[in-house]
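Should a chain be cited, it is by its letter among A, B and C, assigned in written order, with residues numbered from 1 in that chain.
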Amino acid sequence: MDLSAINPAVLIASLMVSATPILLAAIGELVVEKSGVLNLGVEGMMITGAICGFAAAVETGSPVAGFIAAAVGASLLSLIFAVLTQYLLANQVATGLALTLFGLGFSAMIGQGYVGMKPPLTPDLRIPILSDIPVLGEILFRHDLMVYVSLALVAAVWAVLKYSRVGLILRAVGENHDAAHALGYKVIRIRILALMFGGACAGLGGAYLSLIRVPSWTQGMTAGAGWIALAIVVFASWKPWRVLLGAYLFGGITVLQLNLQAAGVKVPVQYLSMSPYLITILVLVIMSANRSRASLNAPASLGKSFHASY
Amino acid sequence: MKRRTFLAGTAATAALAASGAALAAEATKVGYIFVGPIGDLGYNFQHNLGREEMQKALGASVKSSYVENVPEGADAERTLTQLALAGNKLIFATSFGYMDAVINVAKKFPHVKFEHATGYKRAPNVSTYSARFYEGRAVIGTIAGRMTKTNKIGYIASFPIPEVIRGINAAYIHAKKVNPNVEFKIVWVSTWADPAKEADAANALIQQGVDIIMQHTDTTAAMNIAEKKGIYAFGQSSDMAKSGPNAQLTAIVDEWGPYYIKRVKAVQDGTWKSEDTWGGIGAGMVTFAPFNKAMPEAVAKEAKDMIAAIGSGKYHPFTGPLKKQDGSVWLKPGEVAKDGDLLGMNFYVEGLTGSIPK
Amino acid sequence: MFMLEKRPSPSRFWTGATPILAVALTMIAGGILFALLGKNPLEAIRTIFFDPLFGDNAWYYRAQLLVKAGPLVLIAIGLSLGFRAGIWNIGAEGQYILGAICGAAVGLAFYPAQHWYIFPLMILAGALGGWAWAMIPAVLKTKFGTNEILVSLMLVYVAQNLLAEMAIGPLRNPQGSGFPGSRDLSQYPSAANLELIPGTGIHWGVIAAFVAVIAAYVLLQRHILGFQIRLAGQAPRAARFAGVKPDRLVLICMGLSGALAGLAGMFEVAGPAGKISIDFASGYGFTAIIVAFLGRLHPVGILLAGLLMALTYVGGDIAQSNLGLPSAAIQAFQGMLLFFLLAVDLLSNYRIRFGLKEAR
């Protein structure tokens, strides 16, 4: 077994790229769930973002326009979910699944004309001076803009939830919507805004796949990334920094598995392909064994419909 | 190679189908089922391209239709029955997994002809057809052996089935022949189409110093990464030059059109017989995308000579002496591999490192 | 603006009328979608909704609706029990795969012997396989409080990899020239899930689905367990006072839904699919979740919802070949149908009042 062929710095750098789509989607879903809504349609919003972003980037020649279009497109899709669950009080689990089904079909339909195309390239930023630091520079300072955007989003969500009034209101709505309503907060409006934010983040994640990580458009290209993002939110017990940890851990195992193979290390492929999921389960068990803390963090109103009955 | 955009292609077919409808009384109805979306720019895309070519060539005398994304199993059987009930005289089932469904449905519709791609079960009204893609692999192996600077070639493989193993062996034998220092790095991704995973695999290979990538998966992801990272790659099933205008050295292109034209005509003439077709370069079923301009003249000539030799039957890519990975003799000098052995190939040839996942 | 007023009990009229209203709305929206794609909307709608039921070859398609709906209903019935009690098994797809693997493995172990008891043993193995796979999230939840949505979902991906491994490795047909996939069980009389009415494709799985519907109905209406399930979902605290043990309920509900999903997988692998192959799983486990909710978690509702979903699949395939509609359009159309069904559901539980009364 020759592990020396794997350069840890390069490995970490590539796991950051591989984890960014799920990180973006997961941080958005975290905000949604903190507001008390469970949207299982992340996969559908991601794939919609992937095609909207791809199409816009190809048409305009600008990746930035692509990312904006992805965020807008996916957050419009999340509005369908918002209207159904917030105004029409539809079941959130079923609506989320329907959103995924619709998103997959809808994206494949618009995507027909974009198969096999090459999007405009998003340049890697080589941050001056910093990127020349040995090892660290390679790991941290030679990425594309979206990697930093995703990290900034995690920090922003953490700060807003923890320190700002907006965060306080959001958490209040998620914990006890009746009490929040009684205090005069517009529960439905807040939840819709959270859903749109979640949609926009999922859309960015999808566009990261189609514009940077792959970069091309293929029908159904998210291949389950949205479900992983959902898992990571719970895995992180609704804490932003743990979402980052979860996404990098998950991305890391996938990348490591492929890198081991490429380096010629003999690995049981099928079983290794299962490993990210098994390890996620294992970590979940370890974390929830300390059951009081994990369950305390779950928003109390998660998944429940709100209807002001007076 | 003729290239059309997907949309232009469908528009043309729609127009043809419409003109065909007027003469529907005489038109031979031909149905297709595809396992994936026709927009995959890979395996299913090429089958549909073949269908369009056939429709164009035979014009109003044929009315073809298709159903895409048909899962194997109960859905395949229902869809095949549906096509037979709708009056199709000839039905092409284009995925290996449809094998038993085709046999079952064919029993119920003895007057309908069926054609099953890549399978091995036949019946009086069921033919099988496939292409000798390993011939194409031999050619790209030769090119890769000549073009690599690092002597490391990456191979993204899907599942350890004979088709894939045959491709790895054919490519390796011929790369090694022109470049004894060549080394293959194989990554099994356990999927036919997961662009993100294929892209990650390509990146992992590049980090290991690979400067040419071959793939046996369906999407263009590896080609996109090769283009981005400035290395070379080979297209799979389709010409992927749009994804990698600088990266693509050439592509092994599945060319089903001529076969489809021949078989539909046979049904129209009443000369259709159940048979097994395994055609390669010579039969025009395996073709190549235009060679990359960066390929030196000598390499291009060597590749073209090999294409000609294989096409004319003068050269067989699996000609002895060849040993298996464990050192035992597989083919004696001058001996040519039997089709039966190739169809069930489950071993690496000598020199490949690593083992086939079991 | 409009206001919602909760009905004391769901309206009987609207419970029946909303699905029809939803289908009508979908036809309009879908018609617009198909027209945008350059197809005749009326013809498309007719092909999807009417041809399978009343078209030329309806005798065949009606039976196929049952074949397609069978596994969906079987899985959805199991899921609905857990969903009612607030236990979220999202991983039925994995349990379906494990049921198929275990059922097929037992059948293949006997090959080529012919005994009457092989098929019953396979049924048992299929149910056990699904049950065991569902027990993983259930036990982890009761022992460690691990979230069952996540664990069951993660196990789907593990099961898919296991399936590929089985198709290439241990269960591969030794006489299959090295191709992946097991022997064809439907060609092995003692292990085959036989066609019960020739020419229709109807098999034991369809019968099992009907039995499950009736059994679930009786369970929920008449049995103490059914009462506990309903109580745990509607009033968890009251349920505790009534002596319902939450852990026991988790184990029972997850186990039941896993066993039914495993059964569905086993019937599918021994019948319509015929064998274990890499692509054996086609998402029934996820579609069944939608079916369970569309049927409002009620056994009879689930049966009808399963048939409606099956209709869009069967009709959708006909529309593809006859009209050249892309499968993506049909998928989007199914999504729209679900949106409308979920949207109008409101009418049966709430009264809508239009007026100037300020909503506070």
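Keep in mind that, in the parts below, a contact is a pair of C-beta atoms (placed from the backbone, for glycine too) under 8 Å apart; a residue touches a chain by one contact, two chains touch by 3 or more.
No experiment lies behind these values; they were computed from the predicted model shown.
S.K.: Quick one: remove chain B in your head and tell me the pieces the remaining chains form.
M.R.: Groups after removing chain B from the contact graph: one piece.
S.K.: Which chain pair shares more contacting C-beta pairs: A-C, or B-C?
M.R.: Per the contact counts, A-C leads.
S.K.: Quick one: which chain's Cα centre is the longest way from chain C's?
M.R.: B
S.K.: With chain centres defined as C-alpha means, what is the inter-centre distance between chain B and chain C in Å?
M.R.: From the centre of chain B to the centre of chain C is 35 Å.
S.K.: Give, as an integer number of Å, the spacing between the C-alpha centres of chain C and chain A.
M.R.: Roughly 28 Å, centre to centre.
S.K.: Which residues of chain A are in contact with two or more other chains?
M.R.: Residues 108, 112, 219, 270, 273.
S.K.: Check each residue of chain C and list the ones that touch at least two other chains.
M.R.: 161, 164, 168-169, 326-328
S.K.: Can you list the chain B residues in contact with two or more other chains?
M.R.: Expected reply: 37, 190, 357.
S.K.: Given the complex with chain C, which residues does chain B contribute to the contact?
M.R.: 14, 17, 31, 35, 37, 65-75, 77-79, 81-83, 85-86, 96-97, 100-101, 104, 108, 120, 159-162, 190, 340, 343-346, 357-358
S.K.: What residues of chain A sit close enough to touch chain C in their complex?
M.R.: 80, 84, 88-91, 93-95, 97-99, 101-109, 112, 219, 224, 227, 230-231, 234-235, 270-271, 273-274, 277-278, 280-281, 284-285, 288-289, 291, 294-295, 307-310
S.K.: Can you list the chain B residues touching chain A in their complex?
M.R.: So the residues of chain B touching chain A come out as 5-7, 37, 39-41, 45, 154, 185-191, 193-197, 199-201, 203-205, 207-208, 210, 219-221, 224-225, 227-228, 238, 240, 242-245, 353-355, 357.
S.K.: Quick one: in the complex, what on chain C touches chain B?
M.R.: My answer: residues 38, 56-57, 60-61, 64, 67-68, 161, 164, 168-169, 177-181, 184, 186-187, 199, 201, 268, 271-275, 277-280, 282, 313-314, 317-318, 320-322, 324, 326-328.
S.K.: So in the complex, which bits of chain C are touching chain A?
M.R.: By the definition above, chain C touches chain A via 4, 6, 37, 83, 88, 140, 144-147, 149-151, 153-155, 157-158, 161-162, 164-165, 168-169, 286, 289-290, 293-294, 326-336, 338-339, 342-343, 345-346, 349-350, 359-360.
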